[in-house]
Every structure is written in C-alpha cells, then in structure tokens.
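In what follows, chain A forms one complex with chain B and a second complex with chain C.
== the complex of A and B ==
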C-alpha cells in the first residue's frame, strides 16, 4: 500500500487532472449560478436590458411586496408543518415496522411505493383523487357518511388546497424519513433493552428512556434534511395547485418561478432566489458539518 | 399477560392494515381511474370498479393522449434524457470517485466538501441562471441542455456511491497490477470497475431515475411538445390553455405506464439507497 502511495505521489498533477471534468461542471452549473444570482440581486434591469447598480433597493422593494411576504410566511408554516408531521408519522411507522410481527416486511415493501414512483406521477394521481365531484377521496368520505352532495372542492378552497398539497408531500416523503428512522432503530444495541427488561421497565419506559435518547442523532438529521427538502418542494405545489387558489399554497420557490418566467421581472426573481439560497445554505451547512464530523 | 399480548397483537395488526390501506389508496384510485371509460369518469360520487373494465386506455395512449401527442413520443424523450444523464453523470463521477478513493492530494477534503454541499442545493433556486447559461450556449429546447443540468445535479450522489464501492476494492490489487506495469486506465477498467460493478449499477440506476423523474428542468428548458419527457407532457395536457375537459382516464393510464420502469429499477437499488442515505441521497 505504501508503495502504491509513493509511486502515485510522483504524478502529483494527476488527481487534479482527473477531477477537472467534475469540477468544471459543478462550477459552471452550480457555483457560478449561485454567485450570479447573488450579484444580480443588487442590480435593476431597465426595459432596454441595461443593468444599473441599486444596492439593497431590490430587497426593500421585495419586502414591501405583500405577495412575497405572504409566500415567505406560507413557506415557514409549510416547512414547520411538514417536518413535524414527518417526525411524528415517520417514527410511528418505523416503530410499527420494527416490531417483530408477521407481515412487517410486507408493510415495508408497500411503504416504498410512493417513494419509488416519479414525484410528478404521484402528484397527477392525487390531483384527480382530490377532485370535488369526481374524485375518489370524496367518494370514500361519502361512503363513510362524512360528507354529502355537493362535495367540497378541496383544491379550490384555501385551507383544503394547503392541506391537500401537504398530504401529497408527506405521502411521497414519508418512506424516506421512515427508513432513516428504521436504520436508527436497528442500530440501538439489543443489550440496552434486555437490561431494562431485567429491571422490569414497561414498554413506555423503554421507549422514553432508551429508544428516544438513542434516536437523538437521527432526529436531528431528519429535521435538517426535511427542512431542506420541504423548502424546495416546487414540483409538488406546481403540479397540484400552481400555488393557487390565489396565493394560498404559494411558497417562495413557486413565487420565484412565476416572477421569473411569467412576470419576467428578473431583478425581483434574482432577489427572491438569493434569499432562498441563503436560508437553504444555512441549513445545508449545518447538516453537512454535522455529517462531516461523523 | 396473555390477554395483553393478544390485545397488543390485534392493535399492531389493525395499525398495519390501516397504514397499508392509506398508502395504497391513491394508487388504487389511479388504477381505478385508468380503467374507466370517458362517460364513467364523470359519475359523481366516483365509482371504484368500472362497470366495463376499459383496458383500451393502456393501448390507445401510445398513439395519442387526449388531443395531445402519444406516449410513444414522450417515452422516447424520457428515455433519451434519462440515458443521457446516465452516460454523462457516470463519465464525470467515475474519475472523480476514483481520484478521491485512491489519491492523497491537497484539496481532497475540500473537493469532498464541495460534493456534499452542492448536492444540497435544489435546481429551482438556480433555475434563472441556468436558463441564461443555456440561452447563451444556444441549448434551450434541446435534449443536451436538459442532460447537462440533470447530470450535474445527479453527479454528487453518484460520486458518493462510487467512492464507497471503489474503497471496498483492496488496494493490494492496484499495487500488484502497478508492479506488473499496468497503466492507471487499465487498473481502473480491468480491476476496479469489474470488482465494484454493484456500485456502478447503483449509480447508473440512480442517474436514470433522476433523469426520468426530472420535471423542473424540462419544464423550463423545453418548448416544443415533441421534445417533452412524459412528466412534462402530462403536465401540459392538464394546464395548457383552452383545455376544457381533461381525459383523466388516459392521464392515469399514461402515468402508471411511465412509473413502471422507474419502480422496477428502484426496487433493484432500494437497499443501497437506504444504506447510503446518511450522506444525503435526496430524491425529488
């Protein structure tokens, strides 16, 4: 092994040469765009296409735009709700699958399906399922006697649309979270539980004093990762509601897309993107530094 | 004691049953809709089992979905984008993974950090800048433009998969081959790649799924409907102006058909995706 290292050391430029293509792509399509959006957010673009430096003016304008402020608040609410639901439901399902009973591998297989399907496809399915008069969701509620004609149009009402999109997003995201929990549960040493059983600890005590503390690292991982994923949930919202009705399901990523490609207000869109990037970067940095140490 | 055990069992099984029903509900809804005829689509409340099972929806969509193009064209486009992503992404990540696995050099840590942090940035944040770059190179409305971006964004995770599997190949083998006078390229193609084919296949499938599932990049870069992948093709069917009644039965049969290849591939690499999650295998 030493010999290989020594012989490889003589070609000191080689590693950089091999890394050149990947670094080139990462810089051209990720690093450079990051700097471009930040840089451009300080400029005003005239109708003629000239750029004029305006300092922080774009940011001041942006925060006086009530739709942006609304979508920012909406995004925060969205992230908090989605992450909380993931944490609770994911843990519940993971505990269920981890419980030794016949059929837990079947549940695990079924659970993977929403994750294995392309996200866009699941969204099309849900969009029609939630349709007011003709969707299967209302049909089920009707059979259960919970609603009667005329059926509510979920995606047409502010709260219904928000919950609907949240439903799709949790549905597609839960498998991943559950599997992270499961790998955490499987790494808890069996001896801890055996010792607790000898001491006569109840199920609840075992959960409270062994399982939960042992899952601490996993929970932090899920919070950070799911925050990052929730923040960028463009596809789900765009397909199911386009951010509507009005702006009730608008997130800053969907608003960014509208401002850029429908209103063609690029200076403003650059500013939104910069704010989005900063928020994302903070969470990504914390997450990466954490995994890096491990 | 035994009565509690039985109660516990009943509780567990009923939870498991409810959970499976909830997970399967949207899938069953899709399948049910995909087998309906046009007239049964508009019955309220929605029926579960169509009176006449209409398998025809799975056949005629290949020619034409509603008034749009057929699934044949969308499938071809998805296939081109996904295969292109596999090719380019692997061409970029194999040398990168080999280098960080086998060399010690200044900047190695920094490169690995770059790989990790870039995979956290979703393309939506950078989409305007990417659009400008593609416009500058004249790559808007081309497959290549889309493939360049999907490859870049799927590369970090591929590097990570390959890095772990290259690391598992004993370095003694490199050493032996090197003493025999093998070139580095030969070591890579004749020793490392054959011995880590598991990782290579995983990285390939991952890149394929990434390309096939892409929505945002194709939505933004592609204009001509005959270039669209299936994800965006269906979207345009739903949201194109002037659409009065959407042929949801055909939308669902096309959706199910286009999910099948990805689901099969996904089940192959599922175990690996779960194991490698801690470094952030983010999908979607």
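== the complex of A and C ==
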C-alpha cells in the first residue's frame, strides 16, 4: 500500500506530455493506417470509394484466388531459403574476414559494395547479366565452353527465375548480415579461444563450443530481421522478374502491388495487406519481445 | 460619463444628402470607368466555304466582324484567366516540341505558365493513381487509352464535352483516323482527346526469307500457314537468330500479339457491355497457333517485354514480330540504318474475319482537381491543332492522327499511306473498360501457361475465361 502511495506521490505527467508529439505522429503515420487498412478489408470498395460492409467475404474470395495462394506458398519458400542462405553465407564470410590476414580490410570494403549501391541499379545490372542472348553470364559460360547457342534464358524457366532472383536478393542483402555477424564475432573475448587452445581444442571444437554459442543472440537477431526483410522483398523481384514467369516468382508483396495499382482492386489489396501484416506482426512481436528481454 | 452631444435636424439632412450624393457620384464614376464586356471576349468564327477556323481576340470583335462577314456559327468562350497549369508527360516524349508549345502558350496567354513533369510509361498508371488519391494530380495528363474508363469511374477526370459542344465534337471526331474518338468515350461522355496514334502490323526480315528462298507474298496476302512456314524457315537458334518474337512478361504486350493473331480469326475478348466472350473455339485455335510458334521463338519469352523483343529485332536476332508499327520502322531507319533495307512490313495474316490490326492511341486528359480548366483546355487544344500535330508526329515518328494532318505533303509517301490506310480500314482498339487491366492480366497468364506447357490451350482459355467472368461480375455488382 505504501508502495502505491509512494508511486502516486512521485507520479508526474510531465514525461508523458513531452512524449505527446512522438505519440501523435506514431498514431498518425503508423497506427492509424494499419487500422484503416484492417478496417477497410471488411468492405467492398467501388472505384469512387463508396464502401459496403461485406464481413469476411474478401478473405474468403482471396483464399479462393489461386494466384494469391500460389504467391503465399512462394513467399514462405522464399523466406525459408533466403534466411537460410543469409545465415550460412553471412557466417562464412564473416569468419573469413574476421580471420587476421593481410588484405582482409580490402575484402571487407568490397563486401560493402552491393549494399552501398542503389538496389534498383544492382537489380537492373543482374537482370541484364542473366539475359539470354546479351547477358555476361552466358558469355562467360560460352567462353568456358560450358554452353553454346541457343543461350539459355536463366530467368525464363520457373526454377531458374526463382533461383536467379533469390541469388540477386541474397547478393544485395549479404553485406548487412555479414556485418552483424562480424560485430558479434568481434565481441567474443579472445581469452576464451586462448584457454581452448591451451586445452588443445581443434578449430572445429573452438567454432562449435565457443563461436556458435557466443553468436546465439546474433543468429536469433539475424533470423528475425531477415525474415521480416525477406517477407517484404519487393524491389528485387519486381525489377528482375516482375513476379514471372507465370507467377513463379510472385510474392505476396508483388501481388499486392499488382492488385492495388494495376487492377485497382482496393478491397482485395487491403485484405492481402492485412494478411501480410499479421504474418509480419508475429515475427516482429517475437523480435521485439526478445530484444526487450535482453 | 460625458455629456451627450445633440445632433440637429439640419445636420441630419446635411449628412444624409452628402451620403446620397456620394453614392450617386461613385456609381456614375464606376459605370463610366467599367471596361466594355466584349473587349476581353474571344469569338470563334467559322466562315462558310473556307475550311479554316479563325480565332480573333480584339476589342469590339463581335460587332465589327458580324457586319462584314456572314457567320454560320459564333461561339464565345469565357474569359481565360492567366495562371499556372501542370502537365504530366510520359516517357519524355517530344520534349523539344513540348517546350516550343509551352513557349507559344506563354506568348498567347501572357502571365501563364506550364509546369512540366514526366513519368516513365511503365510507372504511369501507378503515378497517376497515387497522385490522384493523394489529391495532387496534374492539371493535364498524358494517358494510355485503357486508363480512361477507370479514372472516369473515380470521378477523376473532367468531361471535356463542356468545352466542345456536340457539334464541335462531331467535327473533331470525324477528322480522326480510325475512330480514335472511341477511346475517349466513357458512358457517353468524352473524357479525353486523342494525343498520339499508331497502328501495329507485322515486321519481318525479308533478307532472311530471301536467303532461304521463301516466296514473300504481297503485304496483304499473308496467311497463317505462310507465317508459320516463314518463321520455321528462318529460325536459326544455333547462331542466335530466332524466327518469332514473343513478349510474355508484360500482359499488355502479350495481348498485343494475341489480338493481332486472334482478331482476324474472329476472336472477340469482351462484348459491347464489357463481358468476357472469349470462351470460343477461335480463341483456342489462336492460342494453339501461337504455341505452335514456340519452338521457333526466342528462349525464355516469359522474361521479354515488348522493348526486349525490339532489342532482339534491332540486334539482328529476330525474324518476325507481329506487333511492330511505323514508329519501329522509322526508329530502325534512324538508329540502325544498315538494318532498314533488310526489314519489311506487312499486314498480319488474314482470317475468316478479314484483316484486323491493333490500334493504339495515347490520349490527353484533364483532371477534375484542375483550378483553371479554361486555361488547361487551351493547352490541350495544341494536340488537335493540325500544324502542331504535324510537328509532333514528324518529331516522334508517329502516324497522323487526323485526315487533315494525313493530307499534308509530309504524309504523301507510300510508307505513310500504307499505315494510314490499314488503320482506317482494319484498325481495332483494345477493349476500353475499367476491368480490362485485370482481365488482360488473366488472359496473359492463360497464354503464358499454355506457352510454358502448363496447360493445354483449351484449358488455358477456359481458366482465363472463368477468372475473367469473376472479375467482370465483381465490377458489375
């Protein structure tokens, strides 16, 4: 009781008053649009903006739309593959760079390039490199004697397109993951490795019993962050394949864009956005609760 | 409290008299100094026997001129206030001529200006949509014809009938080659004026056909069998040369090829009410025919949009493209002169429905948010002025939009006569309905699925039809 009385005595409105502007903008630009989108997903909307309440009909319609279901499956596969590749390749490169050798700073700088360049430019570059008749990739394979005319169109087959665009996305996102890993690696006390060396631990044992456990928090952060980023991979897919061929690289975000801005079906777009939001919210919630705990 | 001052009856009379006198003098001065209304009015006069419309702006124009010439029609336009209007161009088309138009416009309407903006074609639709929804659309915009109904449905566009009465519209519309007026209409109102116009036909490498000894028919004598044989004969994938160009990345480009091949066979996509009607044997036949050309097409057609197919053509790697037009031929002439003698053009194959070719019109619209509609309209009129039109079309390499323009010496060549004539005789536009973009995407998906061997042509058409009907019913509801 005393505690309550004491806390009431010390309670001040002043900090909340200072927070008001931030809260206002937070509501205006984040909370309000989210609720507006969720609310609108329960309406049929005419081009003139007239709304008619339809309950869950938009959701039922959406799940009977084969392209949406396809794009949802694609998105799940995309997220799993992209995050896995990021985790493994990022760690590999970070370990390599972290190893003290002459010139590792140069590699570190080179690694930043895909990240430092505008994403759209990188994507256009890759799109043309993977082009059939004019692409550098095919020219190189031709010089090496691995392919001959007619040159394959890598982005033209379902598997090629998916892997191609995934490769471009990993290429552009890898520096970020590597840097997070590097910061984690640099924070591991050197004394742990020294003690392990004295005990006669092999490289693998040092990696397995020191590096990996010490990087646990970093790995979880990368998984969660990359899941969120992968889920919203719009630019890469849009520029490289436009969701094609035949929706084989269609993700929820690219389909959402088409539905909203090409087909002009606002109600459906709001419904897709709501589903996307729910999925992302779960991951964001896990991430936030995890970082708060730590 | 001070002592109240008393006002005598004499003072009352004095002040009242002064006030009335002041009002009378002021009113008289105001009346005398008021400018004559007619001074700032513009009279448009049509002189019988002379096929020219003269626009005169001068003090007292109505009285003076009416006495000397007999007019069939006089219309007065409201006073045009100077101001600023904004214009959204697309793809940076004709920027040089556009600057000339703006300079002329500023001279004609002192104190006025045009703010120019530009958006790439591929992003045009999204840009207009977001600008409109954000409440900041341009005053005048360069549109694709298929967007008109969609934006008109949103009450985004000004019905231009208020500027051109029915008689004037008739006159202007009769002037357009190939019924370009149709793409400006939505629910009986004109929401646009045609801006640029082109017809698509078939471009091919005649040198390659001659090399293999293929007997090239006359321009209007190609049959489906001939096209197939020709494509097959010149396809040489081992040297990176492909017989038939197919774009499958962008739905509208896919549909351009499909329609060019399907319309002559009697395929109709939507009926006069916009309802999908392509669940026909003709549509299946067309798709089967298209798929039969796949072995002679460039690999990975799914990644090609129209521009990419053109790149193949310009790079000397393509035999046939059935969606090329006059603009492409001129582009090759200018940028790849060594290729030009090797390329020829013809009508796509003739089917049971005769010849049909795709027409595409870009249009000019005015947004409802425009504050100075009269001024914006004056700006739009440059695109229906024959002299400015000629300048624009000459500069860009587009076809003449009106018969008046087509009769100019510049267009009196066999090349231009061919394109004008086929547009006039066989031209057909894409369906113009608000739900067309979504249906177009569905049909393109069906075509792609058949092309990639995922569905049989009949299943692909059925799938596309069923999905399209759902879209149509949703809109109608």
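Here is the rule we use: the second predicted complex is superposed on the first by the 264 of 294 C-alpha atoms of A that agree within 3 Å, B and C clash if a C-alpha of one lies under 4 Å from a C-alpha of the other, contacts with A are read in each partner's own complex, and residues count from 1 in each chain.
The rule we apply is simple: a residue touches a chain if its C-beta (ideal position, glycine included) is under 8 Å from a C-beta of that chain, and two chains touch if they have at least 3 such contacts.
Keep in mind it's a predicted model, so treat the numbers as computed, not measured.
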Superposition on chain A - do chain B and chain C clash or fit: clash
Winner by number of chain A residues touched, once chain B and chain C are compared: B
Which of chain B and chain C A:57 touches, first, second, both or neither: neither
Which superposed partner A:245 touches (first chain B, second chain C, both, neither): second
Which of chain B and chain C A:113 touches, first, second, both or neither: first
Chain B versus chain C as contact partner of A:261, first or second or both or neither: both
Which of chain B and chain C A:153 touches, first, second, both or neither: second
Partner chain in contact with A:214 - chain B first, chain C second, else both or neither: neither
Which of chain B and chain C A:133 touches, first, second, both or neither: both
Contacts of A:161 with chain B and chain C, given as first, second, both or neither: second
Common interface positions of chain A, toward chain B and toward chain C: 133-134, 149, 151, 242, 261
Chain A to chain C touching residues, read off their complex: 44, 47-49, 67, 131-134, 148-158, 161, 241-242, 244-247, 258, 261-265
Footprint of chain A on chain B - complex, ascending: 9, 12-13, 15-16, 19-20, 23-30, 32-33, 41-48, 91-93, 95-96, 98-99, 102-105, 107-108, 111, 113-118, 120-122, 124-133, 148-149, 151-153, 155-156, 159, 171-172, 174-175, 178-179, 184, 209, 212-213, 215-216, 219-220, 231-232, 234-235, 238-239, 248, 251-252, 255-256, 258-259, 262-263, 266-267, 270, 274-275, 277-280, 282-284
Footprint of chain B on chain A - complex, ascending: 1, 3-5, 7-9, 12, 14-16, 18-19, 21-23, 25-26, 28-34, 36-37, 93, 96, 99, 101, 103-104, 106-107, 110-122, 124-129, 133-140, 142-143, 149, 151, 171-172, 176, 179-180, 182-183, 221, 225, 228-229, 231-232, 234-235, 238-239, 242, 253, 256-257, 260-261, 266, 269-270, 273, 276-277, 280-281, 283-285, 287-288, 291-292, 294
Of all residues in chain C, those that touch chain A in their complex: 125-126, 129-130, 150, 153-155, 237-240, 242, 248-250, 298-303, 311-312, 315, 317, 434, 437-438, 441, 445, 448-449, 452, 454, 471, 474, 477
